[in-house]
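Below are the structure tokens for one structure; questions will follow.
Naming follows writing order (A, B, C and D), and every chain is counted from residue 1.
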Amino acid sequence: MQPELAITIEVAPAFHDLDPMNIVWHGHYVKYLELARCALLQKYDYDYPAMHASGYFWPIVDLRLKYVRPAAYAQKLRVSARIVEWENRLRIDYEIHDAGSGERLTRAHTIQVAVDAVSREMQYLCPPVLWQRLGVQP
Amino acid sequence: MQPELAITIEVAPAFHDLDPMNIVWHGHYVKYLELARCALLQKYDYDYPAMHASGYFWPIVDLRLKYVRPAAYAQKLRVSARIVEWENRLRIDYEIHDAGSGERLTRAHTIQVAVDAVSREMQYLCPPVLWQRLGVQP
Amino acid sequence: MQPELAITIEVAPAFHDLDPMNIVWHGHYVKYLELARCALLQKYDYDYPAMHASGYFWPIVDLRLKYVRPAAYAQKLRVSARIVEWENRLRIDYEIHDAGSGERLTRAHTIQVAVDAVSREMQYLCPPVLWQRLGVQP
Amino acid sequence: MQPELAITIEVAPAFHDLDPMNIVWHGHYVKYLELARCALLQKYDYDYPAMHASGYFWPIVDLRLKYVRPAAYAQKLRVSARIVEWENRLRIDYEIHDAGSGERLTRAHTIQVAVDAVSREMQYLCPPVLWQRLGVQP
């Protein structure tokens, strides 16, 4: 059985994330996803510095966000991230919930591919270092 | 025949849009899309201030970005935006191309729905003001 | 004796705060200052929502940042904020230190003035609500 | 006589630069300054890529902004930047004016120092490459 490749972090929107409607501007959610993604990868010792040390960049090639309800200043949010693909590409699914009511506010995913840091060539299979760190089989 | 509901703007990534790989951080593209979307809506006199004056907010409810090639500092980019749905929701499709080579770097779409500014209720049909401004029939 | 009008928060730079030199882009420190300022004002029940409820906006009219050493990805930082003027204007001084070594990385200040939310007139004396919340005499 | 080491660019605040008061959030002005600074340095063929090619980083060590009047969505602004020191450090002074009325909205300065890209040592005298590019004598 595969391990549970997931994490949940808490985030509270800052004043500088608000727009004139007094809600979080839709583009700032990309930062919240990144905070959860980095926390998740850090847990498996494969966050950005470790990625680079392993000889790969992992650019985002696909990003999707579905906004169900807005988020407000200082609202306690739970951002969950879960790795759901790791063979040919790294796909992470996200959900953002209100920490108090549990209501779901946002769903999202990101897809990353490995790029060799020297040749700059995209890898059609994820490099084994990812599987080792995550403790998974491709 | 429907009018051509489209625009193309030029954008050149700023230094503050770059990440440690010396390319534009993926989240900053959301700003480029917004610049094109606002220019397009301005052309039809239905940009943010006009939206609010008409009694509606138009939050983004769906955002998708596909990154084909990275963008660099000061690279001349063309961001095209085209309105492709306006009956129940406002869907805009985007493409970002290198202005020199014409190479496509990014594809994206956003979907917005109208929300009544007073009742805060989501509208399942776009308000007629949108169709009037765009010169379209639902 | 005046109370200690200060707070210290912890911040760790996110990947999206880094620039091509792999350090925090200088403009992002404004966000760290704001996080500390809001936490400090929240402690005295006079954060942004309370400011607006009291009938005043408090725009920043002066901002200064002195950068002594750079900050890196995920580096544990302590951001301290202290209210040092409250009679005619609200001045807050800041220091950012490395949490591990205690080394000072950045010094800063912000100055805010009260603006009446209805008349939009700038107040040359801070409104008494500020003093009451802070528990100070002008 | 020294040449006029100055430039003026036009900027119009984007929707994503606005805060809940419907004005530009104070931290976003740092981006407007950077756009003017980069345009100015580009004029003298010493923008970021050229700085790095010359073997130096030029981090900002001091930033000051004085906000006189707020800026609104799509307001046409003129951002002027002028190099006023280049011997020991690079100091640039900025002014932001409303393009229509000519009213001054913001004053600012930035100070940069040269850091050797290899040794990471701060230079107490600006490297001669700066003077050559600017056509000035120290």
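Rule of thumb we're sticking to: contacts are C-beta pairs under 8 Å (C-beta built on N, C-alpha and C of every residue); 3 or more make two chains touch, one makes a residue touch a chain.
Since we're looking at a predicted model, the values are computed, not measured.
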Pair joined by more contacting C-beta pairs (A-D or B-D): B-D
Remotest chain, chain C as reference, centres from CA atoms: B
Computed distance of Cα centres, chain B from chain A, in Å: 24
Length of the line joining the C-alpha centres of chain B and chain D, rounded to whole Å: 29
Computed distance of Cα centres, chain D from chain A, in Å: 34
Sequence positions of chain A contacting 2 or more other chains: 15-16, 20-21, 27, 30-31, 34, 48, 73
Residues of chain C that touch chain D when the two form their complex: 20-21, 23, 26-27, 30-31, 34, 48, 57, 59-68, 70
Complex contact set, residues of chain B against chain C: 15-16, 18-22, 25, 27, 73
Partner chain B, residues of chain D touching it in the complex: 14-16, 30-31, 34-35, 38, 42, 47-49, 73-74
